[in-house]
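In the two assemblies presented below, chain A is common to both, partnered first by chain B and then by chain C.
Moving on to the complex of A and B:
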C-alpha cells in the first residue's frame, strides 16, 4: 500500500492552543498554599518514630484483645443498632418530605423553595458530633441524644440526595399530570415518587450504614451505645477491651455493608 | 367550541411559536394539524390546555378564557381536556390501573390520593376506559412491561378517565410502527365518533392526515396556511404547507 507523500508546502493546520496561564497560576497557587499550611503547623512525621517506644505498652495490650468482653457489653451493641434503626427511619421519612420541598419540580412556590433550601443548608452545616453535644446539653447523656443527633444528620443527607434525584426525573409524566389538572400533592405522589423510589430506597440503606459507623463517634461524645463503652474503657486504660470492641465494630460494619448491598441489588 | 382569536405565542428566547392564529373548532370535530417540525403544531395543541401560555390574543373553550385563568381555574379547565403524547408519558414503575386513575386526580382529594385509596367508582371508570381501548386485561400489569402501542392505549384510557370534552394528541403515533399507528388512529377516531369528544391530533404523515382528518389544518412558521377537509388536502396543498416537494418520508411506510 503506497501512501502519497504529504505536500511539501505546509497547509494551514489548526495550531494546538497555548496552555492556559490561569490554570498554571492556579496550580502554583495551590502548591504554595499547601507548603504554607504545612510550615504554619510545623508539620512533621518524626514523633511517629520518636514516641514509638512509649506507645509500645499500649500497642502490646491492643495486640491481645479480650474477646470475651465483646459479649459482656451485649446491651450496648443492641442499643447501637436500635439507635441506628430508629434514627434512620425517622430521618429518611422527614428527609423525603424536605426533599419534595427542596426541588423546583415538586415545589412551585418560589419563597417556600428558598425557605426549605435555607433550612436544609443550616441543618447540614453542623457535623454529627456537634449535634450530639447540643442534644446532650438539652436531654442529657444517653441514647435519646444520639438518636436526635443522627436524625438531624440523616434529614440533611436524605433531603439533599433525594432532591437532586427529583430534579432529574423524566418530565413526561409530570406534563401528563399537569395536563390532567392534578394538584401539587397528587402530582408529587403519582408522577414523581414512583420514579425516584429505587434511588430513595438505596439512599435509605446507605444512611443506615452511615448510622452504624457514626454511632461509635456519637457514643464517645455522649450519645449512648457502643461508643460510650469505648469511651469508658479508654479512660480506664483497658486497651485489650477497646481492641476487642474495635475488631467487632469492624466486623459488624462489614456485615451490615454486605447486607445492605445485597438488599440494594435485590430491590433496586 | 374552541375559539382562538389573534393568538400569538412568543417563547422567552424570542422564537415565535404562533403568529396571530384565528381558529374556530366546533364540538365533536376530528381535526388533524399538519406541518413541518417547528411550524407551531405542538405549540397550537399545548396552548389549548394552557401548557404553553399565550402572549397575545384570546383562547376560549366553551366560553371560558384559558389565557388569563388563575391556577385553580386552569386546573379546572384542564380536567375536561384530555391529552396524549408522542412518548406516552406513563409512569412506568406503577400499574396500568394507577396510571389510568391519574386522569382522575383532579377530582380526588389529596389525603386519598397520597395513600392511593381509590374508590370503587374511580376504579370502575378506569376499567371502562381501558375496555374502550381494548386493553382491560392489562389492568394490573406494570406500565413498563407493555409495548409502545399498548402504552399509548393506556395513555388514551388515562385521558378518557377524565371524561373529557376535548382530546388533544401531540404526535401520538410518531413513536409507533405503521400498523400500530393505524390502530391507535382508529381508536382515536372511534372515541371521537362514539363519545363526541372534540379531537385535535398533530401528525406529520400526510396519508394519515387525509384518511382520518374531517378537517385538516396546515401550519407553517406559526401561521395557519391551510384549513379544509381531508379530501381537499391534495399533494399540491401539502407541498405548499411544507414549502417543498413531497418525499417518501411524508407517508406512513408500508401502507398503500
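Moving on to the complex of A and C:
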C-alpha cells in the first residue's frame, strides 16, 4: 500500500460559520430600541456646540472654588458622616437578617424564602430619592428622613450581596452542624456566620462608602447633611461654593476608600 | 473573625490532648479584642446618633402617619385603573417611567460608545505608559464628580430642562466606570490569541479587533447592561432637579401630597424596574455563562461605581 501524497494544491479556506440568528435579532432589537428611545426624548447633541457659551459661564465659575467655604459648613459635614454611620449600622444589621432569609441554605422554608426574596426585590427597585421623599413626607425635612431613607437603601444592597455569599459557603460545616443535630438558628450562627463574616464586613465598609457618596442626593431631596448645603448654594447660584464642596466630597470619599481598603485587607 | 479563631483554637487543643484520657476543657480564648471592638463600635454609633441632629422624637410618626398614608395609597390602587381619573394616573406614571428608562438607555449607549476607545487607551497592555496615566486620570476625575453635579453645572445650562440633559449627564458619568471596567477586562485577557495574531502578521488594528476586543466583549456588554440598570435608578434623582422622567413626577406629587397618585406611581416604578432588571439580568447571565467565563460582573461593577 503506497501512501498517497497530499495534493499539492492549496487547501480551501474553511467555510465561515453561519451567523447566529439570536445574535442578529438581538442586535437589531437593541438598535431599534436605541433609535426609539432617542426619538422619544428628542435626543440631540446639537446644543453642545450651539449653547456651549452658556455652559462655559457656569464652568468658569466652577473652576474657581471658594475653599474657605468648606470649613464654614463644618456642622453639615459632621451631620453627613453621622447620617452615614447610623444608616449603615442599622441597614447592614437588618440586611444580615434578611440575607439569612433570602438564601436557601439558611432558610429551608420554601414560601418564606420566596416572600423574603420578593420583599427584597421590591425594596431594591425603588430609587434612593423615592425613599427620601417618602420619609420627608412622614417625619419632615431633616437628617432623620435621610437616615431612614438610607437604611431602606442599605437593607436592599446588604441583603443581596450577603445572600449571594451565603449561597456559596463551604457545605462541610453545614453538614457537621446538621449531623450534630443543630436547629436552624444555631446552624446559621455557628456554621454559616463565621464563614461569611469577612465578606460581610467588607460589604459593610462598601455600604458606608456608598452612603457618603449618596449624601448629595439625600440632601437635595430634603434629607439633611452636606447635600442640603449644595442645594441651597445652587439655588443662590453660588457655584464657586458648590465647586469647593464637590472637591471636598471627592477627598472625603477618597480618604474613606483608603481607610476601608486598609480595614478590608485586615479582615479578608 | 473571632468566632473562626475560637473554633480553630479549640479543635487544635483537642487534638493534642486527646490521648491523655479525660482532659480538662481548654480555657476559652480571650475575648478581650472582640469586646474592645464592640465597645468602640457602640461608642461611634452613639456619637453618630447624637451628632446627626436628627429629631428622634418624630420617629414614631413613621408608624402613625405611615399607616394613614399607606391606607391613602392603597385606596388609589384599589380603584379600577380604567375609571377616571385613575386611568390618567396610571398612564402618566407609566409614560414618565418609560421616559426615565429611555433616558437611562440613551445615556448608557452614549457612555458605552465613548468608553470603548477610553478603555483601550487606559489598558496597560494596549497603550503606552503616558497615555494610560493620562486616560486614567480623566476616568477617575469623571468618576469622582456626582452625576447630579454634571447635570446642574454643565447639562442644564446647555441643554435646558428635560430628559436630554439627563441622558447626556448619565452618559458622561457612565464613561468613567465603563472605561475603567473595560480597561481592567482588557488587562486580564489571555495573551495567546494576541501572540497568534502577531505571528500570522496581523495589522495592529486587526489585533485589537480580533484578539483583544473579542475576548472582552461578553464581559463588557454585561457591564453595559448592569450600568443601564443603575442608570434607571440614577435618572430618578436627576428628574428631581429638572431632567424630566419619573423623578420630576415624584417630586411634583410629593409637594402636592396626592397620596393616591403617589401610590400608583410607586407601584409603576417597582413593576417597571423589576421587569427591566430581570430582562437585563437574564441577558447578562446568558452572555457571561455562554462565553464560558466565570465572572461575577455585579461585584466588579459595584466596586467600580
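In this text, the second predicted complex is superposed on the first by the 251 of 268 C-alpha atoms of A that agree within 3 Å, B and C clash if a C-alpha of one lies under 4 Å from a C-alpha of the other, contacts with A are read in each partner's own complex, and residues count from 1 in each chain.
Note that in this section a contact is a pair of C-beta atoms (placed from the backbone, for glycine too) under 8 Å apart; a residue touches a chain by one contact, two chains touch by 3 or more.
Computed from a predicted model, the values in this text were never measured in an experiment.
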First (chain B), second (chain C), both or neither: which does A:197 touch?
both
Could you tell me if A:93 is touching chain B, chain C, both of them or neither one (first, second, both, neither)?
neither
Which partner does A:105 contact after superposing on A: first (chain B), second (chain C), both, neither?
neither
Based on the superposed arrangement, let me know which partner A:177 touches: chain B (first), chain C (second), both, or neither?
first
Can A:263 be said to touch chain B (first), chain C (second), both, or neither?
neither
Please indicate which partner A:206 is in contact with in the superposed arrangement: first for chain B, second for chain C, both, or neither.
second
In the superposition, chain B vs chain C on chain A residues touched:
C
Which of chain B and chain C A:141 touches, first, second, both or neither
neither
Need the overlap of the two footprints on chain A, from chain B and from chain C, as residue ranges.
190, 194, 197-198
List of chain A residues in touch with chain B within their complex:
172-173, 175-183, 185-187, 189-191, 194-195, 197-198
Chain A partner, complex, touching residues on chain C are 1, 3-4, 7, 41, 44-45, 47-56, 58-59, 61-62, 65-66, 69, 98-99, 101-103, 105-106, 109, 144-146, 148-149, 152-155, 157-160, 162-164, 167-168, 232-234, 236-237, 240-241, 244, 247, 250-251, 254, 257, 266, 269-270, 273-274, 277, 283, 299, 302-303, 305
In the complex with chain A, residue positions of chain B that touch it
49, 51, 74-79, 81-83, 85, 87-91, 93-94, 98, 102-106, 108, 110, 113-114, 116, 155, 158-159, 162, 168
Chain A - residues contacting chain C, complex
26, 33-34, 36-38, 40-45, 47-48, 51-52, 54-55, 57-59, 62, 75, 78-79, 81-83, 85-86, 89, 121-122, 125-130, 133-140, 142-144, 147-148, 161, 190, 193-194, 197-198, 201, 206, 210, 213, 216-217, 220-221, 224, 234, 239, 242, 246, 249-250, 253-254, 267
